[in-house]
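Each in structure tokens, the structures are laid out below.
There are two complexes below, and they share subunit A, which is joined by subunit B in the first and by subunit C in the second.
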Partner chain A sequence: MADRSSHDPLAGIAFDRLPPAGAYGAPGEPGVVASTAEPFVALVLARPGKAASVVDRLHRAFSVALADRPHAAIEGNTTVIGTAPGRFLVLSRTDADLFGTLRAILGTDATVTEQSDGYVTFDVTGDRVSDVLAKGALIDLDPVAFHVGDAVTTVIAHIGVTLWRSGEKSWRVLVGRSYEASFTRFLIASAAEYGLRLENKGSEGRG
Partner chain B sequence: MSRAQRNRLEAGGLVDRSQVLDFSFDGKRYRGHAGDTLASALLANGVRLVGRSFKYHRPRGIFSAGAEEPSALVELRDGGRREPNTRATVAELYDGLEATSQNRWPSLGLDVLSMNRLVAPFLGAGFYYKTFMWPAKAWEKLYEPFIRRAAGLGRAAEGTDPDHYEKATTFCDVLVIGAGPAGLMAALAAGRTGARVILADEDFLPGGRLNAEVHEIGGQQGAAYAAHVAAELASLPNVRVMTRTTVFGVYDGGTYGALEKVNDHLRVPSPFQPRHRFWRIVARRAVLAAGATERPIVFGGNDRPGVMLAGAVGTYVQRFAVRPGRHVALFANNDAAWRGMLAAQAAGANVEAIVDVRGDVASVLTEAAKAKDIRVFTGARVIATHGKKLRTIDVASAERGHERLYIDTLAVSGGWSPAVHLTCHHGGRPVWNEAVAAFVPGATPPGLSVAGAANGSFALGAILKEGAQQGAEAAEALGFPVPPLDVPHTSEESTALQPFWHVADSKGAAFVDLQNDVTAKDVGIAHREGFRSVEHLKRYTTLGMATDQGRTSNVTGLAIMAELTGASIAETGTTIFRPPYTPVSLGALAGHHRGKDFRPVRLTPTHEWAAKLGAVFVETGPWLRAQYFPRKGEKDWLETVTREVKAVRSSVGLIDVSTFGKIDLQGPDVGTFLDRVYINTFSTLAVGKARYGVMLREDGMVMDDGTTARLAPEHYVMTTTTANAAKVYQHLEFCLQVLWPELDVSLASVSEHWAQIAIAGPVARTVLSRVVDKDVDVSDAALPFMGAIEGTVMGGVKARLFRLSFSGELGYEIAVPARQGAKLAQALMEAGHEYGITPYGTEALGVMRIEKGHVSGNELSGQTTAGDLGLGRMASPKKDYIGRVMAGRAGLIDPDRPSLVGFKPADRTKRLRAGAHFLGLGAPADMAHDEGYMTSVAYSPHLGHWIGLGLLKGGAKRVGDRVRAYDPVRGEEFELEVCAPGFIDPQGERLRG
Partner chain C sequence: MRIPCPYCGERDAHEFAYLGDATLTRPDPAAEDAEARFHDYVYLRDNPAGAHVEWWYHANGCRQWLKVERDTRTHAIAAARAAREADTPAGDAA
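The block that comes next holds the complex of A and B.
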């Protein structure tokens, strides 16, 4: 791009295309590795007065322990994120009929909305992930304050995201499909000084 | 050829003599060392004249050794990196640094505009308010260009900044601002409790005054002790030491703004590193340990290169091992300045005289000075200076009369002003403390305490103690257990001082504010003319403005005003400080959000597909949408768009409409809910049907429009306009959560999940029938106009099919999961190949909706009612809905309100322009006769001329009238025919075909 120079980590990367997989920023062992996935996603909204029952039914179905706070409960291939009272995002790496599964589990206690094509997730791992995310989120992501399983819905670089800490050095960020390129640009720019390896699976498989 | 650093001391200091750095100033090459600032390196090389003053172009030198510098402003770097008004005193020296002086012409040594001094009587305080008023024309042609040339600072960069900048947020329990003795102790005390601590300092070397003065702390040299503490802090995992980081502002909720100069100490930033980083530091508690700024004494000729703050002289000698000059004298009113000068003498500076305004100075100091052959003048004043660069000073005392001394460096100290700036950022007003003769912090922002010199404690022992105490208290207040901390011993030191501001009987211009060339006389003028409050003094004289914000001048200025008014300094008061504490680069505030990254861009599911077809894209809010699809040989967009429209009207075309907001509503109360948010009724909508709806804001104006379909008894799906998608969703959430929490309705945005492609044209059904799966019936009977069904397409892909039309043609919208969107577009292209199916963009969409008379964003402007848009009859009189009452206000139902009609040019060859105003035939072109304006225009391929929609006074009843389109912006004026807003198929036969 004309207004960028070689000192800019975004130099030469088209702003309106998905940046290709590869190494970005500082050479050497990357401080951050990011890979995208397209899990099956559904939004569960408890009907009035049914939040406790929904928590219970999800627990019985997926063995997930849901806390009464923004929280990601991960069990096997299923992740359940509580984003608001009675509001849960359910992600599955394997269940193509997640919508049907949840309808069966929840009955009339909750409404279920298919969201599988609405989101892409970024699995972000490495020593410098919290430093990179701190360049976007106004949230205390210091590993001493933001523990494994903590989740938050916030804004990064003007992009609405839900993110959670999935392991000691691994984080997951859920981003609206249409923002995938822009969020990738945020990662490239912000991880440049630590080095970024981008593993872009594109729309090939489900993650 | 670099010259030797002739003023560098043989030993001492905190510079690394093994690292030689080359740099240049005004094209001349010099050498310095790692650890130097540009100022210290210039002084080491004997460079004393570094700039010209703002107004009078007087020669100026280096006045300070820190952020308070008013004079030594230079341009650093060049090209896109050129950076004007950089304080040489805080610019860290790097190899290859290139600096130039500014505000001089043709050269620093010979500045023609220094003649300004001859007209100085006319350039005094308030001169711009009084002079150059006549003749009026001369202002633009003569006065302003002259003033701009004369009173400039540096030149801004002209090219694009090649570097990048970042923003980041960090959190801590205790933020310590300043890494001088108080800050180091505060960070240590808090850090040892286990609290998360951030210690931020603008310098590249922690230690503050410990690096600039000679002290013994717990048996160690001050600088060594600072290094020792800094090392311990660095070793604590819960402590983060941020050097080169200036905390510049205090904001709400314990948020502090800070600028980290990540790469200013290098010629070119390291690859992939930002130049600056803007930090938001969110701290539960903060300790301000920003130290104090020395203030000068005002006397005639106090601005010559060679006149310098006494602390700066000490700093150059002790920290940088540089003699600022060959013959040094001190002019002071306090003991601390004496100690600094004696230490400088011991380190190798040639101190020849000490002039103190006090008649009585502690004998321990006078004896020590005399023992070193320093001449001592007590009860004395400097009354004049001479030389372009300082050569001599005249000293007057009762005891010895007048005497001229050959001095090239005059250290000046009038005492110290605590750096209270950040305490003012929530409106706190500093208070005068007579005991220390300084303004000390008043009310501080919540969670912020102040320690050390910033709090008016100037003795080192007290500073260390206060720092440790404040650090510990901050951590303790947050519940951290505080282990005992031994504050190391340091010797007692006197801080005796006698307030003294101005040598009233001195000769020559006596400068209060060196940066703005404000003299003591100017303060007198302000006083005589009645600008006596400190706020008026500041505005009238510009005292305390510009890059240094009056760090060395505010207190002296108001003290001189106090002398004139006879009020005390406490009564006179002080101006307060707003952020930022020091200048902040705009690049850092923007971070990566520049150019096309100003905000994120959203890509539609068919973006790649459209790009391959050669689409030209347009930004619609955050979205990039295909605007039109040019083909080879088409001469402009109009030709392309006309082709696209004709293809749709005669055969079939398709467009991605995924950007519309899409909201799923589920639950038994959805019908009731929709009846309350739309003006028309939805509870009666049959399953399998869609309806066009209009919603109002509370004030009765139209908020948005769109179609909502009922897919199942308890399941509706709403569409909104692209622009209002988020706003409508937020509005619905508000209604459910706040207004009607009793309704059992679930809302989910599905805008991202569903791609939606519209196909339109006489053969649209045929094309559609080829992509739906076998069991899906899209016949007119099964899917009539405004029908909505669920089914599958392309072999099992879930789909929602809506028979809707924005274009006025037989049309459908097909929703599939977003990742199937491009595949669907391609499938439709193949299915419609034999009919010449044509992809079209937002321009053709716009043309067709104008031909059809549909309203869009231009008409849904937030200033129009449903009635204005011809939609008034949709409103149900049988129910209540948001906006109903306010929409009934007299002004909103006035039949004369401008309302929607169509327009054709009387002369069909004329091109209509949106924004043109309507005037009656023969009416004068003024606001009184304004009858509304054109909202949307298009060239209608159907009619073969331009058409428009607009809001005309009287609206529908004017159909058949003629009015004028008046467009002063483009200088056009011609006649229009008023017509009904529907230029094609007014009966809607095509839709139902």
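The block that comes next holds the complex of A and C.
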């Protein structure tokens, strides 16, 4: 693991390469720990008038407490995020044929689009996560206002994201895959004062 | 300026794209004077000081079109509704 506790933790890292795993910023126990994952992702868009039926079908299939509003319903390996009226992102850690699963569940009530190659997620945990995310977002992410299960689609540091609070001190941020390096740089720069431990695949290959 | 998106909640204006006057009605392209009407529809704009009804697109949020009533002098927003539900006659968005 690289040690980048200098005043400029991004020094020498090409802007279009994924920064390597390691400790960044303030030394000691990190205020924020971030790791990336590549869950299976599909987009569900209810056909006109079918939003309630889609909510019901997803609820019965995945046991998620779902409604047609911006929130994260998490059950087991499945997460369903409301991103617009009648539109849901479904994430699975295990179902490689999420598209087929959803087609079978939803029938003609919704269109389903395979999105797995489009996104990465950042799992961000620690005492200072809301302070870090607040540096890039224009919405109130204080834990007093943004509760476990709340989800938003918004912009962080000019990068379009969907983020939700998955636990008391854990958050997930869904970012377009080609923005992975940029969002990682935002995390490093913004978490430097609290210390960041980055656990990712490193800079080999994808830029 | 913050716009109260009916789905997402109150959001900064920079998440939105502005289209403009929501009181205009697209002319009938088959009409005799369609060319003149389209000229007016595309190019001529009122510039009211005060209440205005406008289209805003929540590009960096729910990606839905909104019909927003905004006071052009103060940026005070009286109402914002999903365009898909705002099918009342032009200019009658109250």
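We adopt the following convention: the second predicted complex is superposed on the first by the 192 of 207 C-alpha atoms of A that agree within 3 Å, B and C clash if a C-alpha of one lies under 4 Å from a C-alpha of the other, contacts with A are read in each partner's own complex, and residues count from 1 in each chain.
Definition applied: a residue touches a chain if its C-beta (ideal position, glycine included) is under 8 Å from a C-beta of that chain, and two chains touch if they have at least 3 such contacts.
This is a predicted model, so every value here is computed, not measured.
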Residue contacts on subunit A - larger count, subunit B or subunit C: B
Partner chain in contact with A:D117 - subunit B first, subunit C second, else both or neither: first
Which superposed partner A:A84 touches (first subunit B, second subunit C, both, neither): second
Partner chain(s) touched by A:T153 [first = subunit B, second = subunit C, both, neither]: second
Partner chain in contact with A:L138 - subunit B first, subunit C second, else both or neither: both
Overlapping contact positions on subunit A, where the subunit C interface meets the subunit B interface: 138-139
For the subunit C and subunit A complex, residues of the former touching the latter: 7-9, 11-12, 14-15, 60-64, 82, 84
Subunit A - residues contacting subunit B, complex: 1, 3-10, 15-17, 25-26, 38, 43, 45, 47-48, 110-111, 113-119, 131, 134-135, 137-140, 142, 144-145, 157-159, 176-183, 185-186, 189-190, 192-193, 195, 203
Residues on subunit B engaged by subunit A in the complex (per definition of touch): 80, 160, 162-164, 166-171, 196, 238, 268-269, 271-274, 280, 282, 591-597, 599-605, 607-608, 611, 617, 623-624, 664, 666-667, 744, 746-748, 750-755, 817-820
Complex contacts: residues of subunit A adjacent to subunit C: 69-70, 83-85, 87, 138-139, 152-155, 160
